[in-house]
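Two complexes come next, and they have one chain in common, chain A, joined by chain B in the first and chain C in the second.
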Partner chain A sequence: MENKLDYVGQRIPRKDGPVKVTGRAKYTVDVQLPGMLVGRILRSPHPHAKILNIDVSRAERLKGVKAIITSDDTIGVKHAFVDTPRYPADEPPIAKDRVLFVGEAVAAVAATDADVAEEALSLIKVDYEPLPAVFDVEEAMQPGAPEVHTSHPKVKEPLSNIAGKTESGWGDIKTGFAQADYVREDRFESHLRTHGYLEPQATVASYEPGGKLNVLTSSQGPFFKRAKLAQTLGLPFSRVRVHKAYVGGGFGGKIDLFYHEFCAALLSMKTGRPVKIEASREEIFTAYRHGEPLIIEIKTGVKNDGTLVAQQFRVINKSGAYRGTGVVVIFLAWGFIIGAYRVPNFKYEGYAVYTNNPPRTAQRGHGCPQMRFAVESQLDMIAEKLGIDPLEIRLKNARQAGEILPNGDNVYNCGLTECIEKAAEHTEFKKKYGQARSASPSMGSIRRGIGIGVSAYITGSLIYPNSSSTVIKMNDDGTVTLLTGALDIGQGAETILCQIVAEELKLPMEDIEVIAADTETTPVDIGSWISGNAFVTGNAVRVAGTEVREKLLSIAAEELEASLEDLVLKDKCVYVAGSPSHKLTYQQLVSLSIQKRDGDPIIGEGHWRTVRGEPYHPSLATTKGRWSDSYAFGAQVAEVEVDIETGQARLIRAVTAHDCGFPINPTLVEGQMDGQVSMALGHAFMEEVLMKEGRTLNPSWLDYRMPTIHNTAKSEVIDVITERYEIGRPYRTKEVGEGYVSGILAAIANAVYDAVGVRLYTTPFTPEKILQGLGKLK
Partner chain B sequence: MRLPKFEHVQPSSREEASRLLQEHGSRARLVSGGTDLYPRMKYGLTRPDVLISLKGLPATPPTVDPNGDLHVDALMTLADLARSQTVLEKTPLLSEAALSVASNQIRHMGTLGGNLCQENRCPYYNQTHTFQFVEPCFKRNGDQCYLIPKGKKCWAVFSSDTAPALISLGASATILAPKERRQLPLENLYTGDPLKPLTISDGEVLTEIIIPCPLSLRGTAFMKFTLRGGMEYAALSVAVVLDMENDGVLCRAARITVGSVGAGPIRAGKGENAMAGQRLSKNLFQEVAQLVVSETHPFPHHGYSAAYLRACLEVETRRAFSLAAEQITRNPGDPG
Partner chain C sequence: MKKVSVSFTLNGDSVKAEVPATWTLLKTLREYFELTGAKEGCGVGECGACTVIMDGEAINSCLCPIPEVEGRSVTTIEGLADEDGSLHPLQDAFLKNNGVQCGFCTSGMIMSSKALLDQNPDPTEDDIRTTIAGNFCRCTGYVQIVESVEMAAKEGK
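Up next, the complex of A and B:
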C-alpha cells in the first residue's frame, strides 16, 4: 500500500485551539448547575495530632448550611495511588481519629454560597491533642523517631517510617568496584517544587435521585478518578460517571483522588444537590500535593578510559504523611538510571519514607529530572578527573540500538549516540567547553558555560490498566466520530489522535468529531499520565482506523469490481487507481455497508496496551518484569551565564536533540520541548516551595517564583528520527512529554560548573549557593 | 481567598476623603489601585468596614514649578508615572523605580501613593491563617515571630521600590489632614517599625510628592535585585544620587537609600558622608559599598539569608555608583 503521509507528521493546528482561545471551552469552575451548593474543606492546623472531638452543632445551625461531613459519614474505606497487597491503601478520604499533616481534611461543608460555607468552617470546633511530628526525612528514618505510620513489615532494617522499599541489581557489585580504576561517591538532593498548573483544582459533583453520581473534575484522566470515587463511596463503578472537562494543565498533580473530589461527591449524595468545590491557589500550595524531592547517593566505578563498571545507588524519597506515589518514584528512579548507559554491575536501594509533610505526588518526569541531575553531574566530575571530555564519556557508555536492558526491555532503534553527536555539533560544544574557567577578570562579572545532559524515558508503562480502547464510527454523511477515553490536558492528545484517524482514512481533520474522556460513553483509557498517550492510545486509534478502512475498501472492491490493491482512499472517496471517475464516496459506502453487511454502519474498534504479552506489571519491590515497550532518548545542551558577583545564573540557550521515535505533530513535539525547557529552568533557578514544619511559606504565585516569559531561554530542537509511521501497521513512536525536562536540568548544572567551577549538589541553583561555592559569602 | 464585605465610599475630593477618613477612624481604609490592600483583605490581614476610594479622582499630571521642583500627584498610577516624559526628563531615577514594580497590569492599577504607603511583608504573615500559622505573630497582634525562633521583634520588610528612589532624590510628601496640609521629608513618613510602618495617622492622606530640582550636576542609579526580574518584590533595592561639583569629578553630596531589607527604607548616612567631597573612583565605590552594607544590617527575608543579602547589596551598591558615575560622564553638562 502507498505510504504517503498527509496528516501524521504534519504541523496541524490543535483541534481544541479555537474553542480555548475564544474562551468558549468550559472548565470545571465555569460549570453552574441549578441549585448548586458550594463546598469548603476544614483542614488540620496540626502536623500530627489526635482528634479528640469534632463538634459541628454550631455550624449546622448556621443559615444556609446544607450538610456537614466528617469521617463518620464515610464508609471507612481507604484509598491510595498504589493499592496492592504489598502496599495496601493508607489514606482515609477524611481524617479519622488522627491528622498526619497540616491541611489534612477533617470535615467539609456544603452551603448556599461560599461565604456561608467559610463561616461554617470557622464554627466547627475540633479538639486536638498534638503529637510529636517529624519533617526531615533522615530524622524520620531513625529508630525512635515520631511514628507517622508503622514501618513497612517487609523492610527488616531497624528504620522508622519506611513506606516502602525497592531493591534491584545485577552483576556483582563488589567485583565491579574491584575492577574500577577510579571510584567516587557523591550525594545529591532535590527540593520541593509544585506543578504550576494554572487551572486550580475544582470538582462539580451531582448525585441524581436514581443513584447516579455525575462528576466533572479537573483531572488527568476520568477512569482513575471513577475507580477511586466508587471505591471510597461504596458505589458500583457503573453508578459513577466522570465527564470530560477541559483541563488547564496537570503535570502529574491531578492524578490522585483529592479531598475536594471525595467531599463534593459525598456532600452531593447527602444533600441531593450539585456541589462545587474549588481549591484556592493558596490551598493548592499549602495542602495539595507537590512533587517528590529525592536524596540520591551514588557510588560509581569506572575504568581509566571512562567505561562504567559499577554503580551503586541509595535513593530516599521524602514522602509526606501518606504513601502517595512514594513507592512508585523509588521504582522509577531505578528505571531512569538503566536506560541511558550500560552498567555491568549494579545495585540499587530506594526508600520511601513517611514524614508529617503533606503527601507528594508525581510531577512531570517523576523522578527523572532528579536522577539525571545526579547521574549526569557525577559523570562530568568523573570525566574531569580522568581528563576525558563530557561527550566522550557519554558516547563510550551510551546504549546502542538493539540492546536489551537488564529487565528484558529492548531499546530497539535507540538514537542516543546520534543525539549526543548532533547536540554537540550544533552547539560547538567541544570548542566552547572549558573556556570560561580560563577567562580573564577583564571580562566583567559574567561567565558563560556549556553543559550536556542525557536522558532515557519510558513510552508508557505496564501499570494496570495502561491500556486504551477506542471506537471509530462512520456517520451517514461520510464523516467519522472517534470515541476515546483519553483526556486532552493541553498536550494535544485529541489533535494527534485525529491526525491518526485522518491518516488511516484520508479524511480531513474537520470531518472528525471527538467524544472523549467520559467514563460512560467512551471506552477505557488510562489517562494522560505515564507518557503513553501517543503510543498506547495512538495505536488503539490506529487499529480502529485500520478496521474502518478495511471495511470501506472491502465494500468498495465489491461494488467497483476492483481488487483491493488497486483501490486508493482520497477526499472521502475510494477510487480505482488510475481511474479517478471510478469511485464511491464514504457516504455511499456507509449506506452500502448497512445494506449489504447486515446493518453495519462501519464501526472500527481498536485496543492497545503497553508491553503486550506480559501478564503483569513489574514489581515495585524488586523491579522484576518488563517495564516499557520502548524508550525515548535525548541529549540536551545548556548554555548559561553566571554573574560571579551576585551568583545569579540564567539559561540563555537550550538545545534538545531528541529521539522521540517520530513526531506525529512536530509543532506539538516542539511545544513539549519548549515547555520542558522552561519548566527545567524554573526548577534550576527559581521555583521552590519553602516549608517550615509542614507549613508552606510562599503559597502564592508572587512568592513561588515560576519563570515568566522574560526568563525563558532560546529553545532549539533537533530531530533524530528512528521510527516511522506506516499506514495500517503498528508503530513505535516514543514519549516526548517528560524525559526532556530531565537532561536539560542536568545540562544546566553542568553548564554552571563549566562557567564558574562551582559544582552544585542540590537544586535549586540559587545565587546564594553559587556565591557560596565561589567562596564569596561571609 | 474571598474579599470580605465592606462599605465603599467614593469622595469627590481629597479633602472629603480626609474628612471621611477621620470620621470613620480605624474602621476605614483609603484605597486607590487596591493592589496592596485587596490581597491583604482576602488574606484576612485587615478588615476595614469602610473603604474610601480615591479611584474616581483624576490625577494631576506631573508639573515643574518655577523653582524647577517636580510635583507628582500621589494618585498617578505607576504606569503613567513610568511613561511620563516630564518625570523621565527631570528624574529618570523615579521612572526607573516605578517601572520596576511588579507587572504591567499591576502598574496600571497601583498608584505612587499606594506604593509608598504599602504594608510590610513577610512570608509567614502574607497568607490566610485558617490552618497555617494560626497563632498570631507580632504583626497580627501576637507575641511571637515564626521567622526567627524566639525572636523578640517583627521582621517584616518594607518593599516599596519608589520609596528608596524618592528618598535619595530628597523628596518631600504633602500630607492632607482635615484641618491642615503639611509637608514632611519623605523619609519621615516611615517609622522603621514593622508593626506600624507609616507615621501618618487616621484622617491623613498622602496627596503629593515634591522632588527638589538638583542644584548641580547629578548622576543617579536604581538597582533592584530579584530572582526572576519581574512580577516580584525586591530581594533588595538601592537608589543612589550623586551630586557633583561643577568640575564633574568631585562628589558634592551623595544620597543612598536601601530598600526591602529592613522595616523601612534605610538611608545609608555613613556611606553618604564617606562619598561627599571625594573624587569618584572604583576604589571609593567599593569602600563606600562596604560601608553601606555595614550600616544597613539586612533582614533575612523571603528565602534570602542575611549573609547573601549583604554580599549582594555590596555588589549592587557598587554597581549603582558606577552607573551613576557613567551617567555623569555621559551628560557632563546636564544637571539632570
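Up next, the complex of A and C:
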C-alpha cells in the first residue's frame, strides 16, 4: 500500500482549538446544574491528632444546609493509588479517629450556596487531642520516632515509618567497585513544588434516583476515578459514570482520588441533588498533593576512560501522611536511571517514608527530574576529575538501539547518541564549555555557562487500567465518530488520535467527531499520565482504523470489480488506481455494507497494551517484570547567566534534541518541549512550597513564584527521528510530555557550575546557595 | 444580602445586573450572565485567567467590584468573534500556532493581547511580553503564545 502521509506528521491545528479560543469550552468549574448545591470540606488544623468528638448539631440547624457527612457516613473502605497485597490501601476517604496531616478531611457540608456552606463549617465543633508529629523524613525513619503508620512488615531494618521499599540490582556490586579506577559518593536533595495547574480542582457529582452516580471532575483519566469512587462508595462500577469536561491542566496532580471528589459524590447521594465542590487556590497549596521530593545518595565507580562499571543508589521519598504514589516513585526512579547509560553492576534501594506532611503525588516526570539532576551532576564531576569532557563520558556510556535493559525491556530504537551529538553541535558546546571559569575578572559580574543533561523515559507502563481500546464508527454520510476513553488535558490527545484516524481512512479532520473520556460510552483508556497516549492509545486507534479501512475496501473491491491492491482511498472515496472516476464514496460504501453485509454499518475496534504478550505488571518491590515497549531519549543543553555579585542565575537558552520516534504533530511536540523547559526553570530557580511543622507558609501565587513570560528562556527543539509511521503497521512512537523536564534541570545545574564553578547538590538553585558556593556568604 | 442594580455595556449590548453588592465582575459574568469564558484561577489577581477588557483596558475581573462597572463597557472572550462566527485574528492565530494547550489561560491571554493590539497594532516582541506578563500559562512556556500574538498583529496590518 502507498504510504504517503497526509495527516500524521503534519502541523494540524488542534481539534479542541475552536471551543477553547472562543471561551466555549466547559471545564468542571464552569458547570452549573439545576438545583445544584455547593459543597465545602472541613479540614484538620493539626498535623497529627486524635479525633475525640465531632458535633455537627449547630451546623445542621443552619438554614440552607442540606447535608453534613463525616466518617460515620462512609462504608469504611480505604483507598489508595496503589492497592495491592503488599501495599494495601491506607487512606480513609474521610478521617476516622485520627488525623495525620493539616488539611485532612474530617467532615463535609452541602448547602444552598457557598456562604452558607462556609458558615456551616465554622459551626462544626471537632474536639482534637494533639499527638506528637514528625516532619523531617530522616527523623521519621529513626527508631522511636512518632509513628504516622507502623513500618511496612516486609521491611526488616529497624526503621520507623517505612511506607514501602524497592530493592533491585544486577551484576555484582562489590566486583564492580573493585574494578573501578575512581569511585565517588554524593548526596542530592530535591524540594517541594506544586503542579501549578491553572484550573482549580473541582467536581460536580449528581446522583440520579434509581442509583446512578454521574461525575464530572477535573482529572487525568476517568477510569481510575471511577474505580476508586465505586470502591469507596460501595457502588457497582456500572453505576458510576465519570465523564469528560475540559481539563485546565494536571501535570500529575489530578490522578489520585481526592476528598472533594468523594465528598461531592456522597453528599449528592445523601441529598439527591447535584453537588459541586471547587477547591480554592489556598486549599490546593495547603491541603492538596504536591510533587515528591527525593533524597538521593549515589556511589559511582568508573574506569579512567569514563566507562561506568558500578553504581549504587539509596533513594528516600518524602511521602507525607499516606502512601499515595510514594512506592511508585521509588520504583520508577530505578527506571529513570537504567534507561540512559549502561551500568554492568548495580544496586538500588528506595524507601518511601511517612511523615505528618500532606501526602504527595506524581508530578510531571515522576521522579525523573530529581534522578537525572543527581546522576548527570555527578557524571560531570566524574568527567572533570578524569579530565574527560562531558560529551565524551556520556557518549561512551549511552545506550544503543536494540539493547536489553535489566527488566527485560528492549529499547528498540534509540537515538541517544545522535541526540547528544546534535545538541552539542547546535550549541557549539565544545567551544563554549569551560570558558567562563577561565574568564578574567575584568569581565564584569555576569558569567555565562553551558551544561548538558540526558534523560530516558518510558512510554506508558502496565498500571491500572492497563489497556486502551477505541471504536471507530462510520456514519451514514461517510463521516466517522471516534470513541476513545482518552482524556485531553491540554497535551493534544484528541488531536493526534484524530490525525491517526484521518491518515488510516484518508478523510479530513473535520469529518471526525470525537466522543471522549466517558466511562459509560467510551472504551477503557490508560489515562493521561504515564506518558502512553501517543503510543498505546494511538496504536489502538490505528488498529480500529485499519479494521474500518479493510471493510471499506472489501465492499469497494466487490462493487468495483477490482482487486484490493488496485484500490486507493482519497477524499472520502475508494477508487481504482489510475481511474479516478471509477469510484464509490464512503457514504455509498456504508449503505452498501448495510445492504450486503447483513446490516454491518462499518465499525472498527482496536486495543493496545504498553507491553503486549505480558500478562502481569512489574513488581513495585523488586522492579522485575516488563515495563514498556517504547523508550524515549533526549539530550538537553542549557546556557545560563550567573551574576557573581548577586548570585542570581537565569536560563537564557535551552536546546532539546529528542528522540521521540516520530512526531505525530510537530507543533504539539514543540509545545510540550517549550512547556517542560519553562517548568524546569521554575524548578531550578523560582518555585518552592515552604512548610513549617506541616503547615504551608506560602499558599498563594503571590508568594509562590511561578514563571511568567519574563522568566522564560529561548527554547529550541531538534527532532531525532528513529521510527516511521506506516499505514496499517504497528509503530513505536515515544513519549514527549515528561522526560524533558528532566535532562534540562540537570543541564541547568551543570551550566551553573560551568559558569561559576559552584556545584549545586540541592534544588532550587537560589542566589544564597550560589553566593555560598562562591564563598561570599557564610 | 443587599443587591445592587448595575447597568453597563457587555459585548456591545446594554445590560443590567441585579446582584449582591459584594460580587465581583468575574462572578457576575460567570454566574449572572453565564459567560464562563473568563476563569477564576486564583481569585487574587495573580494568574490573569479572569482578564476582560473594560473601557479599552485589560483588567483582572476577579478584583473588580461590580458597582465599579456602572456605565462602563466590558468585552469578554465571548464578544470577540463576529456574529457570523468568524474568529477574531487573535483567536485564529492562537488556533494556528498552538497558542492553546489546556485552554484555561487562553481567554485571559487573548483579552490581554487584544487590549494591546487595539492600542498598538504594531507591537514589538517586548510590548507583547510586557502585556502578557500578568497572565500565567503553565502548559506552553509562552513561546507559541508570543508567536500567536505576533501573527495576529501581522495579519491585522
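The definition used in the following text is that the second predicted complex is superposed on the first by the 777 of 778 C-alpha atoms of A that agree within 3 Å, B and C clash if a C-alpha of one lies under 4 Å from a C-alpha of the other, contacts with A are read in each partner's own complex, and residues count from 1 in each chain.
FYI, a contact is a pair of C-beta atoms (placed from the backbone, for glycine too) under 8 Å apart; a residue touches a chain by one contact, two chains touch by 3 or more.
Every value quoted in this text rests on a predicted model; they were computed, and no experiment measured them.
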### Task
After aligning the two structures on chain A, examine chain B and chain C and state clash or fit.
fit
### Query
Touch check for A:Thr708: first (chain B), second (chain C), both, or neither?
both
### Query
Who does A:Val677 touch here: chain B (first), chain C (second), both, or neither?
second
### Query
Given the touch rule stated above, what does A:Asp477 touch, chain B (first), chain C (second), both, or neither?
neither
### Message
Which partner chains sit in contact with A:Ala114 here, chain B, chain C, both or neither? Use first/second/both/neither.
### Response
first
### Message
Under the stated touch criterion, which partner chain does A:Glu199 make contact with: chain B (first), chain C (second), both, or neither?
### Response
second
### Task
Name the contact category of A:Ala25: first (chain B only), second (chain C only), both, or neither.
second
### Query
Does chain B (first) or chain C (second) touch A:Leu777, or do both, or does neither?
first
### Message
Under the stated touch criterion, which partner chain does A:Gly492 make contact with: chain B (first), chain C (second), both, or neither?
### Response
second
### Message
Which partner chains sit in contact with A:Leu668 here, chain B, chain C, both or neither? Use first/second/both/neither.
### Response
second
### Query
Once both structures are aligned on chain A, how many angstrom separate the closest C-alpha atoms of chain B and chain C?
5
### Task
Please write out, lowest number first, the residues of chain A touched by both chain B and chain C across the two complexes.
280-281, 700-702, 706-708, 710
### Task
Report the residues of chain B in contact with chain A in the complex, numbered from low to high.
1-2, 5, 123-124, 126-128, 130-134, 146, 225, 227-233, 302-305, 307-308, 310-312, 315-316
### Query
Which of the residues in chain A come into contact with chain C in the complex?
13-14, 16-27, 29-30, 32, 195-200, 246-249, 251, 280-281, 489-492, 667-668, 670-671, 674-679, 700-702, 706-710, 712, 715
### Query
Any idea which chain A residues touch chain B in the complex?
43-45, 102-103, 114-115, 118, 121-122, 280-282, 286-287, 645-648, 685-686, 688, 690, 692, 695-703, 705-708, 710-711, 766-768, 771, 776-778
#### Entry: In the complex with chain A, residue positions of chain C that touch it
30-31, 34-44, 46-47, 49, 76-78, 80-81, 87, 91-92, 94-98, 100-107, 110, 129, 132-146
